[in-house]
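There are two complexes below, and they share chain A, which is joined by chain B in the first and by chain C in the second.
Showing the complex of A and B:
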């Protein structure tokens, strides 16, 4: 069967697709159950997928539980995101060795084999695209990010269910993605005529699909997929208003910042779980002789006191100022910087906040005009 | 772009220290020559990321004259781990340089106007190149003035050059200190007390001002200048924030919607004036 971008087919299981990717020499990264959460690690076969698992998420709460035994993708996002592969939490920038009259720099990049991200959710496609804009900002290109991104294939999984923390529908980032993938799967009817709609998003995706056991998608297959997306969207109770960005402007003195700061532990969990947060620090490490030194880039968070340190002290001493920076950057000034929201509605910051602070609630408080 | 062959902007170029001048107790100026290639041109007001081997990087403004790009001139105060290592460097030592980065003082655009520089303490370092540029074309400006304030007479940077600018280069120079010391016969008081005098008989609408110093000094100087009739759109300030990359990637230097590293460090006052008054932003 000759596949082309825009085509849709039906496949009975994700297993042949993973087999085809591995067979074609791709490193396949996909969801697995690790430490009671969904983590994105290397898959060898479809058996590594957390089939039959679902998640229970709320503010400050995440549990993986037994789901429908046949369902392959009944869970949504866990604490990790794909950024750990494109923008690793620790990366050696370069190293240097002392010489008689100075030092030599070695900037050889770490190997990144051609990699397929398997099981990328629509909100996560949006998050990757937000980071694309950050790391190629018109003035500079993060060459390491660009190299990884160019060698990455995206196999999306459309969402047929939302967790209680999901609010992608109000951010226009899900639960169904129209583009941004090479291939996309939608799981249809796991309790009955179990099958997957396979959408072709690119020529590379088409080439991979060509060898798979496919049949043409029917009107009924498409209707079932649309119903699944509508069901997932209808499950969402949280939302951010479309005009949140302008409504957060000029609210620097709103009492709501102090109120949320009294709950916030400034632990930085939200920024680490967030799939778009991009802040980093640089660390220098030396060996005992001092003849060899390395520079490492590590994830950082605007919630840490040192983050804004300049001579004389940190600019943002007050935890309220740090929470304000995070929320206004994410939801408001990101638009000024990159032309979109920094939030994709994945809900990770809500689930993984140890005290259950909910970004949708806090933004609504600040946006209220009577502040 | 071809990602595989592109130069990683986080990797520094190697430079060597040519000369070192002890400026003040804890401040040195050094000139740097490139090891790895030709010198890169810069504009007054821009900065470089200077790397001390094994210690780290710091954002340091360029103090040289853009007309002399062969040598990088940097003035550094020893206030932390990296700046301590930078001030310890001696002639012949190697260091890393990334840059130049950021926006510049639009000194050429002010021709025909009274060009006023207001510097507080080490704030003269980022202004030095722009002063040189204006004085090289002194007659194309209605007036070139420098109002320079420091905490005490011992904190006056580039002392002999400042005197030279006033005596031989056609600049109208006013120096003031917050606290006098024995032997000081000049003015005492913060820079804002001298603004009216330095504006002289100039029409305030024809005055352009570049300000660099502590944030609170820039805020009140700009505020007083606008009250004296200088248009807010003719006042520029240079901001300082924590920086790790200077590329807009690390997020540290965000100031409202701006990345100080690439949208600044030089900002036009009418565009950011309100923000200067917001605490801990």
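Showing the complex of A and C:
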């Protein structure tokens, strides 16, 4: 069957697709159950997927539980995001070793084989695209990020259910993606005529689909997929208003910042779980002999005191100022800087806040005009 | 070139932090090349006279004798670095700061009249100028080497004052509080241990003491939601860093 971008087919299971990817020499990264959560690790076969699991998420709460046994993709996003593969939490930028007449620099990049991200949710496609605009935007290119991104294939999984923390529908980033993938799967009717709609998003995706056991998608297949997306969207109770960006401007002294700071641990969990947060620190080290030195880039956070450290001290001492910086950058000044919101509505910052602070609630408080 | 002289001192402590230095097996030879180990009774009975370029001080101040000795150490040391929870916060023995010391002494010792002790266990910085502090019970091997290396290179050491949560996230350890409902001191604790407890599914014990601006009130409220009694919450703070001001206050409030 000759596939082309824009085509849709039906396949009975994700297993042949993973098999085809592995067979074609792709390193396949996808969801696996690790320590009671969904982690993105290397898949060897479809058996590594957490089939039959679902998640229970609320503010400050996450549990993986038994779901419908046949369902492959009944869970949504977990604590990790794909940024850990494109923008690792610790990366050696270079090392230098003293020589007889100077020093020698080694800046060889870490190996990144051609990699298929399998099971990327629509909000996560949006998150990757938001980071693309940060790391490779025409005026600036992080060459390591760009190299990894160029070697990455995206196999999306459209969402058929939402967690209570999801609010992608209000951010226009989900639960269904129209583009941004090479291939996309929608799981249809796990309890009955179990099958998957396979959408072709690129020539590379088409080439991979060609060898698979496919049949043409019917009107009924498409209708079932649309229903699944509509069901996932209808499940969402949290939302951010479309005009949140302008409404957060000029609210520097709103009493809401102090109120949220009373609850906020400023532990940085929200920013590190966020799939778009991109801040880092750079550390220079040397060994005891002084002959060898290394420069590392590590994830940092605007909630860390030293993040705003300049000569004389940290600019944002007050935790309220740190929360304000995060929220207003994420939801408002990100638009000025990169032309979109920094938030994709994945809900990770809500679920993974140990005290359950909800960005949609806090933004609504600040956006109210009584501030 | 003469090597800087390093001295290691012990006050009220378990020797665990000094052992961490001895445990730096891969780096010990390089360390002995880089500095002249001039006083380190845990390792050698050979003692060279001061003054010393770098003094590492383990342990807390619990007796009048300690009080005089730490001043002598300070007077002989160019750089004085307090290492470990005892030296930086009074240690586990600072639990007595919240109790009746005479009561303990009378219970434990057959002849309590032989015991001379201060009422409280104090951090080194309570009595003399301390140039740097290294947290932990015990200190981390890599932080200790980093601190010595940075001191010799005259640069600022990388001792991040971020929360334990940052270390967990960088290491991809899922939050045990969110995913398992385990009360964890991580959000108010300084990183540095290498993520020892959360990565095996336990809550952080707070061995590295309070992170700057620790919001203990918010964490205590969350502990209550997770079902901890006031006493259990208090005991979370009353541990190796019980007398660190942020934890001492949080324990009092609980």
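We adopt the following convention: the second predicted complex is superposed on the first by the 366 of 371 C-alpha atoms of A that agree within 3 Å, B and C clash if a C-alpha of one lies under 4 Å from a C-alpha of the other, contacts with A are read in each partner's own complex, and residues count from 1 in each chain.
Everything that follows uses one rule, which is that a contact is a pair of C-beta atoms (placed from the backbone, for glycine too) under 8 Å apart; a residue touches a chain by one contact, two chains touch by 3 or more.
This is a predicted model, so every value here is computed, not measured.
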| item | value |
| --- | --- |
| Contacts of A:105 with chain B and chain C, given as first, second, both or neither | first |
| Chain B versus chain C as contact partner of A:308, first or second or both or neither | first |
| Touched partner set for A:160, first chain B, second chain C, both or neither | neither |
| First, second, both or neither for A:343, with chain B first and chain C second | neither |
| Partner chain in contact with A:150 - chain B first, chain C second, else both or neither | first |
| Touched partner set for A:169, first chain B, second chain C, both or neither | neither |
| Touched partner set for A:80, first chain B, second chain C, both or neither | second |
| Partner chain(s) touched by A:290 [first = chain B, second = chain C, both, neither] | both |
| First (chain B), second (chain C), both or neither touched by A:141 | first |
| Doubly contacted residues of chain A, that is, touched by chain B and again by chain C | 284, 286, 290, 300, 317 |
| Chain A to chain B touching residues, read off their complex | 93-94, 96, 98, 101-103, 105, 107, 109, 134-135, 137, 139-144, 146-147, 150, 252, 278-282, 284, 286, 290, 293, 295, 297, 300, 302, 307-311, 315-318, 321, 325, 329, 333, 336-337 |
| Complex interface listing, chain A residues touching chain C | 34-37, 39, 60-63, 78-80, 84, 89-90, 262-269, 272-273, 283-290, 298-301, 304-306, 317, 319, 351-355 |
| Chain A contact footprint on chain C (complex, rising order) | 27, 30-31, 33-34, 145-146, 148-149, 152-153, 155, 158, 160-166, 169-175, 177-181, 184, 186-188, 201, 212-213, 215, 217-219, 221-222 |
| Footprint of chain A on chain B - complex, ascending | 1, 3-4, 6-12, 14, 16, 35, 53-57, 77, 79-80, 92-94, 96, 240-242, 244-245, 247-252, 254, 256-257, 259, 262, 278-281 |
